[in-house]
Each structure stands twice: as C-alpha cells, then as structure tokens.
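Next up: the structures, one after another.
One chain, subunit A, links the two complexes that follow: it is found with subunit B in the first and with subunit C in the second.
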Partner chain A sequence: MRMKKRTVALLCYLIFLLLPIYWLVNMSFKTTDEILSVFNLLPENFTWANYAMIFTDPSWYTGYINSMKYVALNTIISLTVALPAAYGFSRYNFLGDKHMFFWLLTNKMAPPAVFLLPFFNFYQTVGLFDTSIAVALAHCLFNVPLAVWILEGFMSGVPKEIDETAFIDGYSFPRFFTTIFIPLIRAGIGVTAFFCFMFSWVELLLARTLTAVNAKPIAATMTRTVSASGMDWGGLAAAGVLTMIPGAIVIWFVRNYMAKGFALGRV
Partner chain B sequence: MCCLEGLWLGKPRFCASWPDLTGLPGGGVLMDGKDVTGMSVRQRSVAMVYQQFINYPSLSVYKNIASPLKIAGTAKDEIDRRVQEAARMLHIEHLLDRLPSELSGGQQQRCAIARALVKRVELLLLDEPLVNLDYKLREELREELQQIFERRESIVVYTTTEPTEALMLGGHIIVMHEGRILQHGPTAEVYLNPATTKVAEVFSDPPINFVPAKVENGTVRLGREQVIPQQGRLAGLEPGEYRFGVRSNRLFLGDDGVRTVRFDGPVGLSEINGSETFIHFTYEDVPLVAQEDGVHQRGVGDTVSVYLDPNDFYVFGASGELIVSPARAD
Partner chain C sequence: MQKWADNRAWFLILPVFLVVAFSAIIPLMTVVNYSVQDILGPGMSVFVGSEWYKEVLHNPRLHDALFRQLTFSFCVLAIEIPLGVGVALTLPRKKGVWASTCLVLLALPLLIPWNVVGTIWVMFSRPDIGLAGVTLNEIFHFPYNYTADPLHSWLTVLVMDVWHWTPLIVLLGYAGLQAIPEAYYQAAKIDGASRFAVFRYIQLPKMRGVLLIALLLRFMDSFMIYTEPFVLTGGGPGNSTTFLSQFLTRLAVGQFDVGPAAAFSLIYFLIVLLFCFVFYTTIVNLGKGEAQ
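After this line comes the complex of A and B, so read on.
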C-alpha cells in the first residue's frame, strides 16, 4: 500500500514536470491554426511542416549555427583559461590565494544585466559588436570562475604525490599536464564543459544585446517571430523543441558526474 | 640507510628535501660532493616511493614502470628488458597489462617500487612504503625489499615509524623526532646504545619502560619502595637522581636467581600480539609493559610480579643522556 502511494506521488510529480515539455512537443506538430482554435492532447493533423520550415529557412537555422558557434568558442576558451588557473589554486599557496578564489565566485553573483552596458559600449568601440567571439568572451565572465571552481575541486582530489612522482620521473610540466594529469580529471573537464555549455546556451540577455544580425542566437530569433500574419506558434514550438535537444544530449554524456559537478567537484 | 622517526612531523619533509620538492627551509643538499641545491628535480638522480600507492592511473603497469625510461629517451628494447627485469624482481610480471586500479594494494605498491627501481638512480627514497599494507603483505614485501636493496649500489633512504622494521633492514639509521636528528649510526649499535631517553623511546616497540631511581649510600632506590644494592654495572654511578630504562623483552614473569629486581602491580591491559603477550601494568603509578612469550589471557586488575636483572637497566641521567648501557645483543 505504502509503495503504491509513493508511486502515485512520483507519477504526479513527473506529470507536472513534463507537462510543459509535452505541451511544447505537442504544439510543434500542429499547425498554427489548430493551436489557436481547438484544445486537444494529440495533434489532429500531424505535421512536420514546422520543423521543415526551420531547417529550410536561413533566418531560423542560422540562429542555431550562431548559438553553437559562440557556445563552442566559449567552452573552449573557458576550459583553456580555467585549467591552468585551477591547477595553480589547487597546488600552490600564494599571497591572497583564498581571497582571490572566493572573489572569482562573486563574479557569478552579479546579474548579467549589470555588465550589459559596458560590454555593449566597449564592443561597439573596438568593433566586436555582432560577432560570435564577442558573446563567447562576454560569457567567459561568468563561465571562467565557475570552471575554475569546479576544476579546482576535481584537481584537489588528485594526490599531489602524483605530480611529484612525475617530476622525479623526469616529466616536464607540459608533458605531465597533458599526458598524466588531464586524463585523471577527465570527468571534471566533461562536467565543466557541460556547465559552460549550459550557461552559454540558455543565456539570452547578453547574447541578444551584443548581436544584431550576423551572430544572432536562436533564443533571440525566437523572441522576434511576430510577422504580418501574427505569431507563428507552430514554428516557435518546433524551435523550442530543437533548442532543448543539444542540452539533453550533453547531459546524457556527463550524467554520471553531474552530482559531483554541482558540488563543484568536492564530494 | 634507514630513517626512523617517532612523530609524523618532519619525515615526509625530510624526504622531500632530497629531491627538493617543497623548497628547503635553509641550508643545502650535497650529493656525491656536488651541491645540488636548487637544481631541478628532473636532473637529479633520485627516485621516490610514497606511503600512498602512487601510480599513473591512466597508464598500464607496463607503461607506468617504463615511463621514467621513456622520458629519458632509452631505446625501446632496453626499456623492455629493464621493465621485465624490475617486474620479475617484484613478482608483477603477470600484471603488466593491467591498470593500477585493477590491482590490490600490495601490487600497486610493487608497481610503484618497480618504477622507482627501473631508473637505477643514485638515491632511492622510500617514505613509509609499507605502512598502508596489511600485516602479511608488509612482512612479505619487507623481506623482498631487503634482498633487492642488498643487490643494489644506490643509496636507499627508508623512513618508518616502526622500530622492528628499522632493525630488520639494518644498515645505518637516523633517529628523528619532531624534525630533528637525535642520533645516527649503524642500526644495531643505535638500538643497543640509545644516546638519550628520547631515542630509546622512539626506537622501542612497545615503548621502553622508565622507572625513576635514586642512588645514595651504595644503594639504588627504584621508585618509592624498592631498594637494591649498588653493584654490577650500577656500581660506578655517582649519588643522584636517574631514570632507569628497560625494554619490555628484558622483563620476565619468572625469577631465575639473578633477576633480583621485582615489580608488582595490577594489570591494566594484556595484548596478545602473535606469539607474544604484552602485559601493561602499573608499579607505584609508573606504567610498565612486560613481554611474555606465548599467548596468555590475563584479567584486568590481576596482580603480576615481574622480575629483571639489574644489569639489564639502561641508566639515563637527569637530563636524559645515556650513562650506563647493558650493551649486549638481545
């Protein structure tokens, strides 16, 4: 009996959780007319037209390409910068290291909107406005500290003696770092990449403000779909579904390390 | 050389200062007459084995052992020959394809030792290499290590907190406490003639027993009550306060005629350790430990009588320096 109650509760929870997603998927297979006219749990006239539209209309699919471009750039930059920084924090003591480490995290406490104006003005001045690298760099402001924190946790889990043994064995630092150390924190790097990806992928404010046409991300495209014939609800729903897919794929790859990542590697 | 230390403090640091891993608090390091202070650890002829089992987890055992040679640019067939040789020496030749995580603790440490040996360095540092192993494995590996070290020409520094381990390995010993060197010399020599009470404490397991003693008018007063005549090795002592030390294996439960000193006291704890029993008891509030052959069960609070030959006493002065030693092999 008790078992059953629990199952029911869990099912309810799951239904509530999945309802919006279900509704989105449902909408994406309907025509706009059907969405606006009738209430039904399954599409009456099942259609792929909305997806076909997105994959054929450049104003839609370039949004995805742009988003992926800056997300990939951001993930690569964040990792390249954060790896040595995290190694420094985890292995060496230096003046103010603790304060600096904490200060890194405070960067995440400010809302992105605070940085909007300086970024906007600065990028226009130096001619970076409306480029993928601009968005990637802006996101680094939040992702690098996070990456340093997560990686530091994973690195501190590796005994320092491994480093010492490697140096005694004659490894040079770069060789040790790339052939011994990085394979040891593979999971950490995966989780960090996931977090960078996730933040960058869902962030709308900076991405939208710092771009106009050439680097416009999908999230921005989705907010500007009012046409002469009104809102394209079906197309919007299909775009929403497609936006969730990359995140779901990445989560699949790091699913075993997620908890450790949320604990910043300190489990 | 074997380095025995009473406290954990300082020992890893002592080891780390040879390859200069952590930076020296002062002074320098000479190797073979050459000043190597500040020289990069990569250029020194040093290998180190840690207390934790340190291997490169992403490399197979073979690659682990081969890694120092590969870095040094040794030819491939030479690497293979030496890896096989080291693996054979440590009995891990059947495990070469495995990853360190697939090995037991003892095998992991064997792998780490093989990697240290394969380099043929001038100085091999072992920082309590057997401490994390279980008893049987420790015994086994200790014997093998002893044989391996004997065949090598390099200097081996082996740190341990266990007096028995130090005695088994022999060679030279440095006794350290809280980062300071207390005494050094041939191991048996230091064991038999500990220069101070501290050395005697560090270099005895179970801890050496101390009884306060007072020499006056041709007699020796042990503790408060017991008075024995001042004769034998004790004859030369000036009147004054002393600390008499005796290792637990010189305390006996039976009287054989020469054992004229007798300590009675209630048993606090009796520990059975393999083929011996350690009896912890108190004599006039002084905690003592006696070692008895064989396995005996004793109840807490039972009174025991323990005898010893007064010639077996180590006599230490008031400031802890050794004055009289029984100085014979036991």
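After this line comes the complex of A and C, so read on.
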C-alpha cells in the first residue's frame, strides 16, 4: 500500500511537470486563429504549418544553427582547458590552489547582468561582436569553472596509484593522460559535456547582447517575435517545442550518469 | 587523498586561468572603472570617486528590489528543497526503464532555454488562451490575471521557478539516495525502524552533502534570475516582479546610467559572493569531516 501512495505522489508531480509542456505542444499544432478563438484540449484542425514555417523561413532556422554553433564551440573550449586544470586540482597541492579554486567558482556565481555592459563594449572593441566565438567565450565565464568542478570530482575518484604505476612504467605525462587517464573518466567527461551544453543552450542574456544579426541565437529570435508582432502564438509554440528536442536527446544519452553529474561528481 | 606538493601544477591551471581571465577579469575591471567615473560622452569622463556608490546605496527603489529578491529567493528555497527531497524519495530505488523514464522527464525543464520557459508559462497562464488561466477563470470563477494583479504575477513567477528548478533538487537528492548501500535499509528493517526514522537517520544524513550543493546552486541561480520573469511579466505590473538583475539591466541598458549601474553591479556581486562564500566553506568543511 505504501508503494502505491509513493507512486501516486510521483505521478501527481509528473503531471504538474508535464502540463505546461503538453499545452505548448498542443498549441504548436494549432493555427493562431484557432488558439485565439476557441479553447480546446486537442487541436481541432491538426496542422504542421507552424513547423513548416520554421523550417522554410531562414530567419528562424538560422537561429538554431547559430545556437548549435556556439554551444558546440563552448563545449569544446571548456573541456579542453578544464581537463588539465581539473587534473592539477585533484592531484597536486600548490601555492594558492584553494584560492584559485574559489576564484574560479566566483565566476559561476557572478550574475551575468553584471558583465553585460563591459562584455558588449569589450567584444566590440576587439572586433568579435556578433560572432559565434564571442558568445562561446562569454559562456566560458560560467561553464569553465563548472567543468573544472565536476571533472575534479570525478578525477578524485580515480586512485592516485594508477598515475604512480604509469609513471614508473615510463609513461610520459601527455601519453599517460590521453591513453590511460581520459578513458578512465569517460563518464565524467560525458557528464561535463552535457552540463556545458545545457548551460550554454539555456542562457539568453549574454547570447542576445553579444549578437545582432549574423550570429543571432534562436532564443533571441523568439523574444523579438514576442515584442514585435507578438501574436504568432502557433509559430512561437512550434519554435519552443523545437528548442526542447536537442536537450531531450542529450538527456537520453547521459540518463544513467546525470544524477551523479548534478551532484558534481561528489557522491 | 594525500596530494603531491608541486608548484609546477600551475602550468596545468594556466589555460583555464587565461580563458577565465579573458572573460572575467577584463570586463570586471571595466566595471570598476565605470563605477568611479562620470562618463559624459566618448572620451569625456570625470573621476567622481565613491559618488555613485553613495547614490546607489541610498536609492529606495534598489532597496525595494533587494527586499523583493531576498523574499523571492527565500520562498524559492523554502518550497523547492522540501518538495525536491519529497519527490526524490518517491522515485523508484531500483534502476530500470521506469526509473530512467522518470529521470529523463524530470530533467526536461532544466534543458529548456530560459526564455522558452517564460514563453511556456505565458502560454500556460494567460487568462485568454492559457490552460491554467482559462481553467481558473472559467471553471473556478477565480479572477486570475497575472498581467494586472501584482500578487498573481509574483505567485506565477514563483510557481514557474518551482516548476523549472525543483527537478534539479530531485536529481541531486536522488544521487544522494543512490549512494546508500542496501544493507543500511536491511539493518533498519531488522531494528524495526519506522519510515520516519529511516528518513531521519539514514537518508537525510546521506543526502546532506548534495543538499548543500543544491542549496548553493539554487541560491545562486534564484538570486540572479532574469530571463524568466522578463519574458513572463517584464518586471511588472508596476515593479512587483522586478528583481535585482532586472533592475540592473534596466539601469544599464535601458537608461544607460553606466556609472550607477556599474557601482550597483559591484555591490550586487559582493552580496552574492558573501552568501556563496559561507555556503562553499560549509560544503568544503563538511567534506573534510566525512573523510576523517
């Protein structure tokens, strides 16, 4: 009986979770006229027109491509710089290590709004404004510290004796790192990539500020539709559904490691 | 684990230091620079010292925003953490298709871009076309309108945040619960421990570490919430959902008051830093206590 009560509670929560998403999906299959005129739980005139509109209009679908570009770039940069650093933090004591680690974390804590204006001026000065690389670098601000933190957690779970044995066997550091150590923390790297993807994908404030036309992300395209015409509810819903799909695919791949990753490798 | 002492490890840290310095220190120094100057035009600026800080600290609208922010963050933590722990306890303990499906569904809101979260809730709660809005108005005859009533608006933002972020607590709590060996539960069963005793003496202590991380992450993120209320309510009606980030952005980009905005940025950053330092120290010391 107790098991049943637990399952009912869980189902209630899941319904609360899925109701808004269901409504979004429902709307994306309706025409805007139908949304505004009748209230119904399932579309009366089922239509793919909203999705067709997004896939044929370049101002919509380039948004997805731009978002993907900077998310991928950011994930690669974050992982490349975070891997050696996390190894350093997990294996060595050195001058100022604890302060350095906390300083890194403070960047994760900094409200992006604080950096808004200087970023805008700075990237314009160095000529990177409105490029994918600008957004990718700006997102490093919070993704690199997070990547270091998660990877450090996973690396600390690998016994140090492995490193020692490898060095005695005559492995050089780069060779040990790439052929032995990285395969050992594969799961950790996957989870870290997932987190970099996630936080870069969901962020809007910096991405919107640092782009104008050429690198405009999908999220910004959506806010501009809200403010300008504001009434294409069907198209907006379809765009919203499409932004959820990459995330859902990525979750499916990391589902077994996700919980551990959210605990930052510290369970 | 005993670590090797070697200052050459700095070479491993160097790339991270350079990347983060590029995107953190240079902009932060610019903020400091702005905060002590009055910029009248390109190339024309006057050093004004701490004037902006004084002005910002005495700004009653800032005090309101800060108070609203603290209330909001407190409510968010007070609802999300117990709810998240509760849901984590209802998740199936054994791995399987059902558990995986639950996890994937739970994680879904976390991967929706923040402005889409706002859009979803606009569509969900609008009194003319939204499921919740229409249901409340037509079926329960409750005059719900989040765009006009400050209280409704504030509560909608709160419910949205609970919807958006409770899954994070659930996943963290679940990770903590997964780390408890089955033998503990068997021992509790033999001792005839009640359901509550199992929770109080086995599950809660094991979840303590991850819950602190959850507290830290949730506090940080709720304290800099911007996009969701921006899309949902635009900070209104009036100023009822104008939180600190919103206030700052309005100051910096809307009115282009660079000096006060910069001074306020630094104060804002220091507040966040102070809270996070306390949480962080707690987490680190807790880890040490367990290792001994």
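The definition used in the following text is that the second predicted complex is superposed on the first by the 254 of 267 C-alpha atoms of A that agree within 3 Å, B and C clash if a C-alpha of one lies under 4 Å from a C-alpha of the other, contacts with A are read in each partner's own complex, and residues count from 1 in each chain.
Just so we're on the same page, a residue touches a chain if its C-beta (ideal position, glycine included) is under 8 Å from a C-beta of that chain, and two chains touch if they have at least 3 such contacts.
These figures come from a predicted structure and were not determined experimentally.
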- Message: Clash or fit: subunit B against subunit C, after overlaying the two structures on subunit A?
- Response: fit
- Task: Could you look at A:Y171 and tell me whether it touches subunit B, subunit C, both or neither (first, second, both, neither)?
- Result: first
- Task: Classify the contacts of A:L236 with the two partner chains as first (subunit B alone), second (subunit C alone), both, or neither.
- Result: second
- If you stack the two complexes on chain A, which partner ends up touching A:I162: first (subunit B), second (subunit C), both, or neither? first
- subunit A contact check, subunit B vs subunit C, more residues touched by chain C
- Message: Looking at A:F122, would you say it contacts subunit B, subunit C, both, or neither? Reply first, second, both or neither.
- Response: second
- Task: Look at the superposition and give the distance in whole angstrom between the closest pair of CA atoms, one from subunit B and one from subunit C.
- Result: 7
- Overlap the subunit B and subunit C contact sets on subunit A and report the shared residues. none
- Message: Show me the residue ranges of subunit B that touch subunit A in the complex, using the header's touch definition.
- Response: 16, 19, 21, 41-42, 46-48, 50, 52, 54, 56-59, 67-68, 71-72, 112, 115, 119
- List of subunit C residues in touch with subunit A within their complex: 1-10, 12-13, 15-20, 22-24, 26-28, 30-31, 34, 86-87, 89-91, 95, 100, 102-116, 119-124, 128-132, 134, 138, 163, 167-168, 171-172, 174-176, 178-179, 195, 209-210, 213, 220, 223-224, 226-227, 231, 244-245, 248-249, 252-253, 258, 261-262, 265-266, 268-269, 272-273, 276-277, 280, 287
- Query: Which residues of subunit A touch subunit C in the complex?
  - Reply: 2, 6-7, 9-10, 13-14, 16-21, 23-24, 27, 35-36, 39, 77, 80-82, 84-85, 87-95, 97, 100, 102, 104-119, 121-122, 137-138, 140-141, 144-145, 148, 156, 160, 198, 201-205, 218-219, 222-223, 226, 233, 236-237, 240, 243-244, 246-248, 250-252, 255-256, 258-260, 262-264, 266-267
- Any idea which subunit A residues touch subunit B in the complex? 159, 161-162, 164-172, 175, 180, 183-184
